[in-house]
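Both complexes shown next keep chain A, but they swap its partner, so chain B is in the first and chain C is in the second.
And now, the complex of A and B:
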C-alpha cells in the first residue's frame, strides 16, 4: 500500500534520512523503532508531505505522493497522529474533532465520520462539551487518534503513542490501534521507542538508526529480541557490559 | 447526539447569546428608567464601546493575537460615516476635498453606518493580507504601526478630515436603544463567526499553530477573514460614535481609546464573548463611579472628592489585579454556563482514567 524507496531528507546540511526503504502492505501494522534522533519522526513527516525529501520516492496505492501538498496527501487517505498529541486544549472535545475536517465541506459524511469516531471512543462522546485540556493523558491520546480518524483515512501514521503515558494506559492505546485494524481495516504505521512494545503489536518491524534502516523483519521471527537489540544499539546483547567508545 | 428535544438543544447551543442579551437589555432598561440625561449619555457611550470590544474580540479572542490597531478602523468607520451623513452645506466648509458625489448627497445614518463599517473592513482586508503573515508579538507590533500610520494620515489629510481641528455638524442620531441594537447585532455576529468552521479553524490555530496547519487550516487566510469581520463591527461602532458626539476629531481615536477597550476585553476574558460583554459592563461602571467621585459627593456639610485622574489610576489598578490574580479574566475565558446539570455527570466520574 505504501512504498518508500531510497528516501533521503536533509535539514540544511544535516542529513536526517539516508536511503530509507519501507514496504507496507494493506491491513498490516508496521512499527518503526529506534533510538532518539534516528529519523523516525522525520520519516512520518516526509510521508505526510510536511517535509520535502531531497531524494527517493514515496508512493501510496500506486501513486507517487512526494511533492504533493499535505492537504492533498490527507485527501488521499493518509492521516497522521503527531508526536505529543498536539490537541487544542481550550477547545471542546467536539471542536477538536471538527478541526480535523476543516478542509471538507460534505456535511453528511462529516456527521457520519463523527458518529463513527464517537462509537469507537464513547468517552469522547460523553465529554464532547468539555475542554480537551481537562482530559487525562490517555483520553487526549484517544482524542488525537479520533481527530485523525475524522478524515476517514485508509492509512494512519502514529508518532509515539506511548509518550508520557502510564504503561496500563499504553496497553489500552495499543488495544484501540489493533482494534482499528480489525474493525476498519486500517493500515497503521507506528513509531515507537520501545522495541518490546513494538514487537507485541507489529506484523512488520523496522529498526531505524542514524537515518538508515538497520533491520527489516517479520515481527514473529524477531520475538527473541536479539537481532532487534543489535540493530537498535549497534552491538549485541552479549556485550552489554562493555564500554563503547 | 442526544436528539431528545431539538429545540432544547438549540437553546443550549445559543445560551450565552440569550443570557448576554437579557443582561444587556436589563442594564439598558434600568438605566433608561432613571430618566437622567447625563447617565443616559454615559450609557450610550458605554454601549458603543461594547460594540468596539465585541469587534475586537472577534479578532483577538479567536486568533489569540493582540491588536493595537482596531481603533484605527474605528476612526476610518467614523469618518466614512460622517462624510455621508453631514449636511452638504457644511461639507463645503469642513471637508472640501470630498468627491463631488459625497459633497452633493447624504445618506440615511443607518445606511451610512453600514457603508462606513464596510470601508473599515476593506481597509482591514488589504492591510491584513500583509499583516496576518506575522505571528505573536510581531503581529501586535505590526497592528500598532498600522494604527499609527492611519492616525497620522488622518491628521494630515485636512481636506477630508479637517485635520487637527474638528469636524462638526454631524447629526446626532445615536440613542441608547440604537446603540443597544448594534450591540445585539455585534454579539450575534461574533457568536456565529466564532462557532462557524472559519472561527473554529482560527481558534485551533490559536491553540497550536503547527497542529492546525497539519489539519489543513490556512492560518493566514483565517486571520485575514477574522480581521476583516472584526474591523467591520469596529468601523460601525466608529460611525455610531460620530453620531453620538456630533463632532469628530482625529485625537478621539488615539491611545486612551485603544487601551480602555483592550483593558475591557482583558479584564472580562479575551477568549469569550461573555468576557467581552462582562468586562465592558464592569469597567464602564467602575470608570463612571470614579468619575463621579472625582467630581465629589456631598455628605451633609462636607463634600468628599477623589483627586483628578482617579478613574485612570483605578482602571490601571483593576487591570493589574486581574492580571495577577485572574489572568484569564472574570469569565476565565469561558462562556456563561448552561445552568441545568447534564444527566451524564455521574457516569463521567466513574469513567475517568488514570
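And now, the complex of A and C:
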C-alpha cells in the first residue's frame, strides 16, 4: 500500500534520511523503532509531504505522492498523529474532531464516524464542549487519534503514541490501535523509541538508525530481541555493560 | 455625569475604529504570521474609491454619490479585491519567507499604494462630504448630545464583531481558520487547503478595512493619501499590547488605545495636548515592559505540557 524507495531528506546541510526503504502492505501494522535523532519523525513528515525529499520516492496505492502538498496527501487517505499530538488547544474537543472532516462532504458517514470515535473514547464525548487545551496528556492523545480517524483514513501514521503517557494509558492506546486494524482494516505505521511494545503490536518491524533502515523483519521472528538490539544500538547485547548510559 | 458620558462615547467610538483596524491586522497575523503594514493603505484606498479618480483639488463624488446599499458593497468589493491582489502578487510569492521579510514586503506594498494614489489623485488632501447629516447630534439624555455618527460607529463595530465571532465559532470555514491560526502545519495535514484559508482571511481583513474606510472618512470628511497610516500605527499598537495572535486581544487593545487617547485629550492641560501621542506611546512602552506577552495571552502561545 505504501512504498518508500531510497528516501533521502535533508535539513539544510544535515542529512536526516539517507536512503530509507519501506514496504507496507494493506491491513498490516508496521513499526519503526530507533533511537533519538534516527530520522523516525522525519520519515513520517516526508510521507505526509510536510517535508520534501531530496531524493527517492514515496508512493501510496500506486500513486507517487512525494512533491504534492500535505493537504493532497490527507485527501488521499493518509492521516498522521504527529509527535507532540498537535491538537488545537484553542478549539473545543468537538471542534478538533470537526477539523478532521475538512476534506469530506458525506454528512451521514461523518456523523457515524463521530459516534464511533466517541464510543471508542467516551471521555471525549463527556468533554466535547471543553477547550482541548484543558485535556490531560492521555486525553489529548486520544483526541489526536480520534481527529485522525475523522478524516476517514485508509492509512494512519502515529508518531510516538506512548510519549509522556502513563503505562496504563499507553496500553489503552495500543488496544485501540490494534482494534482499528482488526475492525476497520486500517493500515498503521507506528513510530516508537522503545521496541518492546512495538514488537508486540507489529507485524513488520523496521529499525532505523542514523537515517538508514538497519533491520527489516517479521516482528514474530524478532521476538527474542537480540537482532533488534544490535540494529538499534549498533553493537550486540554482550557489550551492554560497558557502553550503556 | 453628562460630561463623563460624553467622554465615554468619544472613547468608545475612537476605540471602535482602532479595534476594527486591529482585528483586520490580527486576523491576518493569525494565519499568515504577517504584520500587514499595508492594512492602513487598504483603508485609504477604500476611502478614495468614493471619488472620481482625478488630480483636481476639488473632489467629485463617484461611488460616494450612490445609495448606501450600492455604495457599501462597492467599497467593500474594491478593498477586498485590492487585498486579494496583494495576496497573489506580494504575500503568496513570499509564503516561505521569514515573518520579517513578509513584514518588509507589506511596507513596500504600502508605499506603492500610497504613491499610486498620489499619481492618480494628487498629494493634496481633499474634502469629501458624504452622509454629512450623520454628524448631527442626537440627544442621548438631558444635556448629553453625541453625533449620530458615533453611535453608528459603535453599532457597526459591535455588529461586525458579533458576525465575526459567529463565523469563527459556528461555521466550518471559521473553525478551519482558527485551527490554521493555531497550527498551520497540522491543519494542512488534516486536509485543510492552506491557500483557501489564507485567501478567506485576507478577504475578511479587507472587509474590515473597508468598514473602517467608510466610518473614518465620514467622521473626518477629508481624504489624504496618508490617512490610513496613522490609523494603522495605532491599530498595530493595539494588537501588540492586546497580545499578538489573539483576536480578543486586538479588540481589547483597540479600545484601550482609544480610551487612553481620549482621556489624555480630555484631561491633559491644553498646552500639552499636542504631545498627546507621546503620552500614549509612553503608556504602550510601559505596558510592554510589565506585560510583554500582551494584555490577553493568545492560546496558541500557552501550551500545556
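The rule is simple: the second predicted complex is superposed on the first by the 231 of 245 C-alpha atoms of A that agree within 3 Å, B and C clash if a C-alpha of one lies under 4 Å from a C-alpha of the other, contacts with A are read in each partner's own complex, and residues count from 1 in each chain.
The rule we apply is simple: contacts are C-beta pairs under 8 Å (C-beta built on N, C-alpha and C of every residue); 3 or more make two chains touch, one makes a residue touch a chain.
Quick caveat: nothing in here was measured; it's all calculated off a predicted structure.
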Combined model on chain A: chain C and chain B, fit or clash: clash
Partner chain in contact with A:220 - chain B first, chain C second, else both or neither: neither
Touching partner for A:74 - first (chain B), second (chain C), both, neither: both
Superposed model, chain B segment overlapping chain C, candidates 5-13, 257-265 or 275-283: 257-265
Chain B/chain C common contact set on chain A: 48, 50, 70-71, 74, 80, 82, 86, 88-91, 95-96, 98-100, 102-103, 147
Residues of chain A touching chain B in the complex: 48, 50, 70-71, 74, 80, 82, 86-91, 95-96, 98-100, 102-103, 123, 126-129, 136-139, 147, 166, 168-169, 172
Chain A contact footprint on chain B (complex, rising order): 1, 197, 200-201, 203-204, 207-208, 210-217, 271, 333, 342, 344, 347-348, 351-354
Chain A residues touching chain C - in the complex, by the definition given at the top: 48, 50, 69-71, 73-75, 79-80, 82, 86, 88-91, 95-96, 98-100, 102-103, 131, 133-134, 140, 147-148, 151
List of chain C residues in touch with chain A within their complex: 172, 175-176, 178-179, 182-183, 185-194, 298-300, 302-304
